[in-house]
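Before I ask anything, let me first share the structure, which is written out below as structure tokens.
The first chain written gets the first letter, and so on, giving A, B, C and D; residue counts start at 1 in each chain.
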Amino acid sequence: MSRINPRAVLLGLAAPVGALLFAAAFCAVVLAVTGHSAGDAVDAMVAASQRPRTFVNSINSAVQYYLAAVAVAIGFRMKLFNIGVDGQYRLAAMLSAALAGASFMEGLPSVLRVAMTIAAAMLVGAAWSGFAALLKVTRGVSEVISTIMLNSIATFLVSYLLNPDRLALENPGSNNVSTPPIGVGGQVPGIPVAGSSSDLFGLLFLAAAVGVVYWFVLSRTRFGFELKATGLSESAAVASGVSVKRMVVWSMLLSGAVAGLVGMPQLLGSSYSYSLDFPTGIGFIGIAVALLGRNNPVGMALAALLWGFLNNTSNSLDISNIPREIIGIMQGIIVLSVVIAYELVRRYRVRAEQRDVGRALGRTKAATAEEVSA
Amino acid sequence: MTAGLIAGVQTAPPPPQRRGKRPAWLYAAIALAALLVVSAVRTLAGATDLTSGGTVQAALTAAVPLAMAALAGMWSERAGVTNIGLEGMMVLGTFGAGYAGYQWGPWAGVVFGLLLGVIGGVLHAVATVTFGVDHIISGVAINLLAPGAALFLSKLYFTRAPGGGQKQSPPLSDVTRITIPGLSDGLGTVEAKHWFFVSDVAGLLRGLVTQVSLLTVLAVLLVAGSAWVLWRTPFGLRLRSCGEAPIAAESLGVNVYKYKYLAVIASGAFSGLGGAFLAISSGQFRDGQTGGRGFIGLAAMIFGNWRPGGLATGATLFGYTDALALRGSAAVHALLLLLGIALLVVAVMQYRRGARVLASVAAVLGALFALWYFLSDQVPTELVGAAPYVVTLLVLGLAAQRLRVPKAVGEPYRRGQGK
Amino acid sequence: MATEPAGGEPAPAVELFGITKRFPGVVANSDVNITVRAGTVHALVGENGAGKSTLMKILYGMQQPDEGHITVDGRPTAFHSPADAIRAGIGMVHQHFMLADNLTVLENVVLGDEPGGLRLDARAARRRIAEISDAYGLGIEPDRLVDELGVGARQRVEILKVLYRGARTLILDEPTAVLVPQEVDELFGNLRELKSEGLTILFISHKLDEVLSVADDITVMRRGTTVASVSPRDVTSRQLAELMVGSSLPVPELRESTVTDVPVLTVTGLSVDGDDGRRVLDDISFTIHAGEVLGIAGVEGNGQAELVEALMGIRQPSGGRIELSGADITHTSTRHRREAGVGYIPEDRHRQGVLLDASLWENRVLGHQTRRPSSSGALIDIRGAKADTERIVRDYDVRTPGIGVHASALSGGNQQKLIVGREMSGDPVLLIASHPTRGVDVGAQAAIWEHIRRARAEHLAVLLISADLDELIGMSDALSVILRGRFVADHDPATVTPEQLGSAMTGAEQEEAR
Amino acid sequence: GGSDSGSQPGGASTGSGAGSIKVGMAYDIGGRGDQSFNDSAARGLDKAKAEFGIDVKELEATAGETDAQKEDRLRQLAEGGYNTIIAVGYVYAQPLAKVAPDFPDIKFALVDSEDAKANNIENITFAEEQGSFLVGVAAALKSTTNKVGFVGGVNTPLIQKFEVGFTAGVKAAKPDAEVQVKYLTEPPDFTGFSDPAKGETAANGMFDAGVDIVYAAAGGSGSGVFKAAKAKGKLGIGVDSDQYNQPALADVKDIILTSMVKNVDTAVYDFTKAAKDGKFTAGTKLYDLKAGGVGYATSGGKIDDIKAQLDSYQQKITSGEIKVSSTK
């Protein structure tokens, strides 16, 4: 839009900020009631925020959350709920780790190795989400149900494959099982940060690029337009020449491909192999982050940072004798109150807009009271 | 579109004509035929566990929380509110049962579990009914919030309780389990003979009369009671009308908000009960105990076409595969053959209905499963647990036909805004 | 029975005093006063958006007035919900059907007022329904699923619902909109029957001849207030219409013929099967030439929707051939057809025509996302789309403060104008117009007709489907009647009357000929 | 906790000046009160605290977290002045490998893993297979049906060590006995350690198939196994600590034949004591039968009659006459 409407900006900020404040207040009350000091909690979090290591870890977490959120958001744009990002990234990380660690990769140039690993992960992610898409377009099976099932099936498949008889390494004496380690040439170097022992993920830039591409595709391309149109009204989209089935397939595939990336920063920047303790559950965090960021590329980045920070303060809270479980409550409250706040703001905006239309058309009586009829 | 989201079948055409009720004998005949096939496979594969009383018993125990979750989903969706927050509400139920159960006995646990589920239901109702938030989004939020809250509370209350820990409650005592003495043993004797069909029926019956928890009995009553309330009472009619045509209901003086609230709260109560049953039957509240059962319950509800009988069947099927998978892989191996046969039956049915492509897909899959059975001795242990999920996908993908979603499910409703 | 106050005239069945109702941005009713005599048929007329439905919803307790009050049978009342109104003996049949398809007729009827205590007494309900159905000759089977009923039957179920609740005052909001003339006659027969039983009827319609034939009193509304109360004996339908709009009426008409001999759309032997496998279109053939408008008359549900969908590529035909300017497009996609120059004004604009939660310029892109000026290549040309939206807003007189507002903020008529403007852009060769002026007020109607006429003069071929027979007759160069999925008659619009069309549409004509 | 010493979890007691050590403990998922592995470690810590009056701080892992977060946990302890740090669980191997070199003055213990080596790390490992071997012998000797069962919580190499040892023990005592094996879940689904319902179903399946004794190496799910045994009048074998004496299992203690004890508490206590006394030694410290790191419990008296046989097997293992493999 040509003009920046201050009201729109204000309203856009009101919801998340209001929800955050509400969640913080709620948690403070919970802490106080259960005999903890909210002040200590704040101190602990402030202290954490000033520690370079927490900073790095938060950003690194955020990078993964962001990728997961984008994957979720692609579907959300057309009201398609890819709950299966979790299974998709785990399977993708596992298989691409096996590929990256395979001995024949050793001879290849580094860039090619990394590119192949990432491409493999995207393919696997897309293939796994493709199942859900296929079931939906051919058989009308809700993707909510099928992706939930596929998540569980992915778990079993990964444990089947992560076995010395198959893709994992024979590693006697270790209590962990993992794929062959990825050699230096297959790794993505991190960015050192002063005062922190861990580096920022090099694939931070990949996440940023994904964000830019996401923004561009959705707001500037025909595909993005059709995705949005389908989300707003499937019937109108069909009448306008959009093939909804094709949109379902493409958005699921794209979502799965991005989901495949979720495990890459960790795999290529820190773990260098897929093992039993590879982080899980990021797909579900992605859903929360996408909701919080309203599928907006910048909004999701901020939300991912918030989530990353919150999840990396648990150690500090623990040290200060604040139950870190409060973080879980806080996150739940944030999401619940933010969606309610968005809804309230949306209603307010619609009414305000209609009032504007009415005023422009001279149909409103001059001094009608601010009737709010909802 | 949200309306169709949770629906199992969305693009499939509406069910053809035959909408009238199918007679009870038909269902009985289908059940009988299924039992015959199962017992044939049991005999052929020598997998006695396929129809043993123990399996039935375990299946029943596993099915109860799923059935409660499915019932919860049905109540909510019949009133037009999609509820994927079932999982979270179940988590609250498990905690409630743990909290009250270890202090005041299992029935107090049941009540508390129910009450905590209700809190989850109220949250969902406030968000979706009062504030018109997208139902799926609200459900996701509840699924985030509930485990966080349960964990926080469990750390608070259980850490210092004897036998408890930060993530688990002290042990809970079980409710009474009933066994019909003479019958149970008699059937056991017959079952042990491994006669074709006869022993299978005996096993089935024995499972139903041995060590049956009062909670299971309660669950059966709740399923039947829900059917009665929703389909035989004015209350039920009004509630269902809110899921089919809320504006029409409103125009006849039905307070749609009230019924939606009641339905979602009932949904919370059933989820809470499901959670409580889970905690009590496993003797403890534990963090992560629900393990996605809320979602499976939802799948069972769709499988059951939003009807009590159907969802009970769905829940039992999941419970059965789950029980088999846990009890031993020999029976799961036989399950491959069973699955193969079932798929071939589906193929024939779809072929007769004219769905050629579907029929061939089913046939090929069926043949592959059968082949897998004949070419192997057992299913790799890592894959055994996947059985319930694979079966669900196959059922939804290949067999689900006449699913009828409540028409207004998932749609926002506001009073006085009907066009 | 209406209560008789001590002596003299019976109290009016309903009186409305100074009713005012505001919606954000709109004053739907302002200071409305109406008196409805007991035992009469009272008609309420007015343009779209004049506030008729709102007023009736207030009377029925579905909405609460900001100011004013209501009396029923002389007693002041306050309705907080339809339940209150039902208790006071008021029933309403809404402008749009209020039925749950997946419930039975019985369930729909008794909903909210079920016989029996804890348990629903289905037997008692069935008996009551049969009684009422027989008493007024409604012919209703209580155990059918509503899903299986046609419009006429649904209408009767709606009336039965109201009677079942013992209503003494019936509100009928545009009950005839979806009925064919014969069904309208039946309905009016029912209404007279009800009146003779002492019931009071409030009746809303846009069809002024109907109003004149059935009403005892008429109230005219304009811009949210009552502007006149007249007796049908004293006015003509023309005068009534002018009261409604405050100016003289436009008439749909095509001046000189512009029909060429260049075929644009040629359909041969088109057949379509419905979702349930039944044949809904059977062996349809026709040709539309450049500069020609082909009108299709028919009762809703006789295959028009499927014909349009088949032509647009939304539904696959099971047989036959569709040619656009000589090219076979039978199996091409909707997008391809749109790119080939097919414009489409869908019958349900909210479902198919606009994205309510998107801005006007995004709505301009809809359906044109592959063509200039909305897009270039795979990219959306935002600047081009915005500029062209400005043009449409100007040329088609879309009343809006800007092109950035969401479509939901516009009134229905203005949304429709935007759609027409969009579908006319990019020089279409064929326009498929389904009820292009439905729910649009007379001013906008005239503008839309004018745009169609102008494009026709520039060799546009038009397929026009409308329930408004005057519009069909006035705007078409040729007319076909569709009945049960077949073309059953062709008429010359220059000579045919609405009555003739009506009987052809219901099949009465065929039977006579036999 | 198991010892119910009234200790404040996570609370730092006021050090009474003894020595200058402050102990930081990083638990695996489940933490204090898991009635299992972590609890055992906690008991050791409680004992040390009670005896030496030292300052302690306990933190624990969250499900699904990354190595970086584990590393942060260790570093926060180190930076917080805790100079004696115990990492409980093999999941801390990689994180500790990164942390230890940066804090050469701090003494670390890593339980259950040799994957991180440094001259300030003591690797505490246990010969679970040896302890499991002995309870396997007990199971075989006590079984009347010649069928025994093994229920593992999650199918990981660590739990496989229990299985392998158990099977070897059974076969050693009765070569013709059959061992049925079931894992409740597959990683990364770790709910198998906390789902008693699953344990019960699996155990019931075994009992129905004629098994009469089941060894539950399944953490918290073990209670389900015992519940099934109790209902069916069969026997169960506990794991990690002497489960006969666990308050949470009081209801079912009478069917607990024995338990394979893994004395994490002893190891933790020993390590703490050594650190306090300045006797820390880096490198692997194997807690096997010989060292008293593993063994079997006799509470309840159900194996008193076969004690002699068990002792002779124990003797053979400690003497090296029997070698128990730890992998399949």
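By our rule, a contact is a pair of C-beta atoms (placed from the backbone, for glycine too) under 8 Å apart; a residue touches a chain by one contact, two chains touch by 3 or more.
Which protein is which chain? UniProt says A = Sugar ABC transporter permease; B = ABC transporter permease; C = Heme ABC transporter ATP-binding protein.
Computed from a predicted model, the values in this text were never measured in an experiment.
Of the two interfaces, A-C and A-D, the higher number of touching C-beta pairs belongs to A-C.
If each chain is reduced to the centroid of its CA atoms, chain A and chain C end up 45 Å from each other. Measuring from the averaged C-alpha position of chain B (ABC transporter permease) to that of chain D gives a distance of 36 Å.
Computed from the mean C-alpha positions, the centre of chain C lies at a distance of 75 Å from the centre of chain D.
Contacts with at least two other chains are made by residues 382, 385, 416 of chain B (ABC transporter permease).
Residue positions 155-156, 159-160, 373 of chain A are each in touch with at least two other chains. All chain pairs in contact, by the document's touch criterion: A-B, A-C, A-D, B-C, B-D. Residue ranges of chain A in contact with chain D, taken from their complex: 53-54, 56-57, 60-61, 90, 155-156, 158-160, 162, 172-177, 197-198, 266, 270-271, 276-282, 311-312, 314-316, 318-319, 321, 324. Within the complex, the chain D residues that touch chain B (ABC transporter permease) are 1, 4, 9, 30-35, 39, 60, 63, 155, 180, 182-186, 191, 194-198, 200-202, 204-209, 220, 223-224, 227, 231, 246-251. Against chain C, in their complex, chain A makes its touches with residues 1-2, 219-226, 228-229, 232-233, 235-243, 350-361, 363-365, 368, 371, 373.
Remark: chain B (ABC transporter permease) residues 1-2, 4-12, 84, 123, 127, 131-134, 136-138, 140-142, 144-149, 151-152, 155-156, 292, 295, 298-299, 302, 358, 380, 382-383, 385-386, 389-390, 392-393, 396-398, 400, 414, 416 touch chain A in the complex. Chain B (ABC transporter permease) meets chain C in the complex at residues 13-14, 16-17, 19, 232-234, 236-238, 240-241, 244-245, 247-255, 404, 406-407, 416, 418-419.
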